[in-house]
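Look for chain A in each of the two complexes below; its partner is chain B in the first and chain C in the second.
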Partner chain A sequence: MKTITTLGMVTAVALSGMTVSAIADTSDKRIALSNNYAGNSWRQAMLGSWEKVTGEAVENGTVAAADAFTTAENQVTEQAAQIQNLILQGYDAIVVNAASPEGLNGAVKEACDAGVVVVSFDGIVTEPCAWRIAVDFKQMGKDEVLYLSDKLSEGGNLLEIRGLAGVFVDDEISAGIHEGVAETGKFEIVGSVHGNWAQDVSQKAVAGILPSLPDDIVGVVTQGGDGYGAAQAFKAAGRDIPVIVMGNRHDELSWWKEQKDASGYETMSVSIAPGVSTLAFWVAQQILDGADVPKDLTVPFLRIDQDNLEDNLANTEEGGVANVEYTLEDAQAVISGAS
Partner chain B sequence: MNGLFSPRMLRSLLPPLSLAVLLIAIFYLQPRTMSYFGLNLLLNLAIPIALATIAQMFVLCVNELDLSIGGFVSLVACITATWLYDTPLLGIAALIGLVAVYAALGALIHLRNLPSIVVTLGMSFVWLGLAVLVLPTPGGKAPEYIRTLMTLKPPGIPFPIIASVVIAIVVHILLMRSAWGTVLRGAGGNPRSLERAGWSLLRIKMIMFALAGFFGVLSGMALVGLTTSADANIALRYTLLSIAGVILGGGEFVGGRVSPIGAVIGAVTLALAGSFLSFLRLNPDWQIGAQGAILIIVLALRILISRTEAKR
Partner chain C sequence: MTGVLHIFRQPWIWAWIGAVAVWLATATFTQGRGATEVLSAAMTFGAFFVIVALGQMFVITLGPGNVDLSIPACMTLAGTVAMKTMDGSAGMIPVGLLIALAIGAGVGAINYALIRMLRIPPIIATLSSSFIFQSAAIWWNRGLRVKPPEPLGDFTTAKIAGVPLIALLVMILAVAGHVLLTRTMYGRGVVAIGQNIRAAHLAGVKVERIRAATYIMCATLAGLCGYLLSAFSGGAALNMGEEYLLSSIAVVVIGGTSVAGGFANVPGLWGAALFLFLLVTMLNTFGAGAGVRLVLTGLIIIGVIVAASGGKRRT
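The block that comes next holds the complex of A and B.
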């Protein structure tokens, strides 16, 4: 294990042409996770991954401690106080999933001034002294259209299922989808509904719009959590089921598996793995290690394709979402990719 | 028994004693906090809470309850981080306007004899809605002078301690030591006799609500000075914290029985309770409950003392 780690580190350094060698010892360093909310399956999986990966890291002596703290009320001032408490508890780095991109900046600044490394992910903070591991939602939307463009070379009509209106994630993914449609130039979005990232809402919304749509819909672009509901709506309407892009939820993946076995149905699935918390952990470890890490990093998507569907489905809990835990090498790849 | 152990004395000593016990426990758990730097980090977020608690105290003093103070402080924070930063004149006008609205609310509650809980609960949604309108996505920037003030590092004593003491003493003199203050408090204690004596209850309620609005404005500005930018939901928990702070500090829901010094101590105690539980490494699922337990213990002690008082 140790040799692999070292090897990975050397490759990463060589690849990126970094000048600073990062072999400082982090075995006496303590890292804390400041999390604002734990009330859904994604966040539970996120905390589970953190516990698993950092538990091993502590056991192997990579770091001295990696404790997770969650605020009880998901409130900005509460998390600000929590971060200030973590500074006082003497942590060397704080990994943050923030309740607000701006509201914690004062506390984050205090941490930086006290020499604490702050790495934010998922819910990022804008304070310049912190590191950010952000999700490129726009690219995610665009990737869906690019996949469809490869698969359906003649193009055609698309149905778009959007998320929760007014949330920036919804705007970003949708903007990416529309950009992809404009670039590839062979698709037309004939209908758009809001599915609120939930199967039941999506099913109702799609069932409602289907009668007004042309018969030849070739693809459905989605945002995750809505693919299964869309499939059920198409089935209930007695229509041919188009290529529905999935969002890594268990019900979506198991439906896809059924269709694949029955009729060779093909699609892809993409979302963000809750294990991104472990990526943030390794990035923090690398910064403590003295590595030269750019302030803005991008989370890789967890994409499931036809050939790795079974593996991912087997690893996904019922009612949960496909997950992946990141390793030190993954973090180094992300870092070298950004620099 | 002599004066030191009389129930009355014990009663007023309870808030500072609770604070001292909590502080000692924190120093024991986390010796790092026992420094200039540590006290600063531990207490700075208590300043806006203390100001919001003072605001709540003015309302409680006239037997009303303000359920909108959290939303109000959020709105002030949003205005401070946007208008007050970009166009100071507009910002100042808006903040003065908000204080006037608070005074008008006091008048409305008094004239129409409406339950303040209903009016302020309704207003909390209005404040939140306005906050979202002013600042749809989190952001903005704290005006430089507020930021400088809130991050002041005076020699010797950490700024949060100085600020808390100043707030407590100023309000204490205003409300407890001045003739005007006695009249204002009387409106909660015995409104009828006050009215017979020729004072206008309407005016008193308007003044008290305006004072609440004024301290709410100070709270929002202090908060933005600490966080550097705002969020429409930033201070929602201040509503309950401020009520708990007043009660913890020795105030009562009715009868004009309040204590500004106690309220500040109560607010600081509540802020410290959160840190204490986090230093204990308590599971977050239990933390709200534990915070409630601390509150119940202190209040139970107070009722015990009051009973002894009543027996004599």
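The block that comes next holds the complex of A and C.
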């Protein structure tokens, strides 16, 4: 059975028109994951997916090793030192979720110079020698407003919950939201708070600003991890609950499901699947295999709508985030889409 | 007349003046709209700050170098384990509370053991132990958000005549803290140690016993806060205590307690907790960008601290 799978993979590689040397397999190659943070449910799911998918890959002999390393303090210096250690330990590729886009460039350059393939994802690095699997966060923000525009044809007042101030992701999503608002021309953002992507912080910030806002808020645009907190704050203030865009967390989805069953509440949910770590793994494997991979790739969003809510909720671990794990074929599709 | 002047010499008055000023500014900006609701929200969220700040205040008062950095990790561990154990069942509410308090007490005992037996400075000891507690929470829970039992959730969000019930309870807790600080051997001992540990020892204060009790009390209060906060916000999360590290210290210092130890007061904790929440709310309401907001928060906090320490300190 295993042979068949391997054979299938090899055929897929050959069929997708990449280098013939793809058959020169990667079974003796070692890949490391350098991760900067593990203290929330998204990161826990990300590490879980990595373990599951790479565990199978190692067992199947696709690669020799795929070890995950996480730094304790989410600090650039610490992660730079970690990458240097990984170079010394002789890994063939390092998959990085970086603490800073620029801060690790020195260490990444050292890795490239030592002949190590570096693939960054989610928290990407700007060093040109590394590959980047980036998220189009701006589009994600814009999609939220476009959804609201379809659903609420009258337009109206919106409340924006932002992420952690000063982080690039927060600026990008917010820029997309504002672009969407400008393009659709029927919404006004009447309030904006920072929820730090955390449920309790969002609840507190929304509870604080809500009394000063007009009564007719029709929608809440969010960045993920903050939707449930916003719902709690609206409920505590005794207000009608507007359309709150969710971010694929289990608490958000289960709250949505409760409202849907009780009153036909409609919204949508969008985020990045933590399993993107496995996409990065397969991309690294493809590069080691000699495939011609463009330096900039884009991760697909995981979007949940009214009709597939139940399926996604059932597949989401309690306390976790809706997830998909990527296969070699998915990675090849992303690669050929970019080139 | 002297009475009025006297009150302005109290180190805690500035936090209260600040709180009232930012509240009035917010209310003026919105033309009175939602002013009472904002106050009600401030009391709820202020209550959580006060619980942890009360413990932190006693620790900081012990003198230079004494601070508990393990509060967020302790809150997370206590909150997550308690929620998971209760698993939404109303009958388990007292058990959950006991577990949260016991975890807090255990954390405090470990912190003190590191400080006393291994002679590690408190900042390092509590920082390193916080890694262990946070990892324990991750290992035990893996990001699980279990909903609190419904009666407990209702209890933490209940209001009596518009005043959050939890704020009333924390006010009682604060009064108890005030009596403990000013009217008991223990409280006077804490202040004496903070002013001069050697003199306190020679005067017969049981220094080590008091230090142990203080660290254990601080962590137990953090455990209680983790328990109540996860009930309030509909479940525990791994990052739930994050902002309580700096806030707990800021509330203590803005409240007029000396960061060098030896001088403390409880009324300032409530003033500072309300002030911090109302300040962020005010800047949000004004629509200030994140950068402006952080700069202003910093400047205003510096202003209040300078004003509070302007007069001569009195115990």
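Keep in mind that, in the parts below, the second predicted complex is superposed on the first by the 309 of 339 C-alpha atoms of A that agree within 3 Å, B and C clash if a C-alpha of one lies under 4 Å from a C-alpha of the other, contacts with A are read in each partner's own complex, and residues count from 1 in each chain.
Convention: a residue touches a chain if its C-beta (ideal position, glycine included) is under 8 Å from a C-beta of that chain, and two chains touch if they have at least 3 such contacts.
For clarity, every value in this text was computed on a predicted model and none was experimentally measured.
Colleague: State whether A:Pro101 touches chain B only (first), chain C only (second), both chains, or neither.
Modeller: After superposition on chain A, A:Pro101 lies in contact with chain B alone.
Colleague: For A:Glu110, select first, second, both or neither according to whether it touches chain B, chain C, the two together, or no partner.
Modeller: Only chain B is touched by A:Glu110; chain C is not.
Colleague: Going by the contact rule set out at the top, does A:Ala38 touch chain B (first), chain C (second), both, or neither?
Modeller: Touch status of A:Ala38: both partners.
Colleague: Would you check which partner chain A:Ala72 touches, where first means chain B only, second means chain C only, and both and neither mean what they say?
Modeller: both
Colleague: In the superposed arrangement, which partner chain does A:Gln82 touch: chain B (first), chain C (second), both, or neither?
Modeller: After superposition on chain A, A:Gln82 lies in contact with chain B alone.
Colleague: With both complexes overlaid on chain A, does A:Gly320 touch chain B (first), chain C (second), both or neither?
Modeller: In the superposition, A:Gly320 contacts chain C only.
Colleague: Tell me which partner A:Phe168 touches in the superposition: chain B (first), chain C (second), both or neither.
Modeller: first
Colleague: Under the stated touch criterion, which partner chain does A:Gly90 make contact with: chain B (first), chain C (second), both, or neither?
Modeller: A:Gly90 sits against chain B, while chain C stays out of touch.
Colleague: Is A:Gln199 contacted by the first partner chain B, the second partner chain C, both or neither?
Modeller: second
Colleague: Enumerate the residues of chain A that count as touching chain B in its complex and touching chain C in the other.
Modeller: Of chain A, residues 38, 72 contact chain B in one complex and chain C in the other.
Colleague: Quick one: which bits of chain A touch chain C in the complex? Just the residue numbers, please.
Modeller: 38-41, 44-45, 48, 72, 162, 165-166, 191-194, 196, 198-201, 203-205, 207-213, 228-229, 232, 236-237, 250-251, 318-320
Colleague: Taking the touch rule as given, give the residues of chain C at its contact with chain A in the complex, in rising order.
Modeller: So the residues of chain C touching chain A come out as 26, 29-30, 33-38, 41-42, 44-45, 131, 134, 138, 141-146, 157, 229, 233-235, 237-240, 242-243, 277, 280-281, 284-285, 287, 290-291, 293-294.
Colleague: Would you tell me which residues of chain A are touching chain B in their complex?
Modeller: 38, 67, 69-73, 75-78, 80-82, 84-85, 87-90, 100-107, 109-110, 114, 126-127, 168
Colleague: Can you check the complex and tell me which residues of chain B touch chain A?
Modeller: Per the touch definition, chain B meets chain A at residues 30, 32-33, 37-38, 41-42, 44-45, 48, 137-140, 223, 226-231, 233-238, 271, 274-275, 278-279, 281, 284-285, 287-288.
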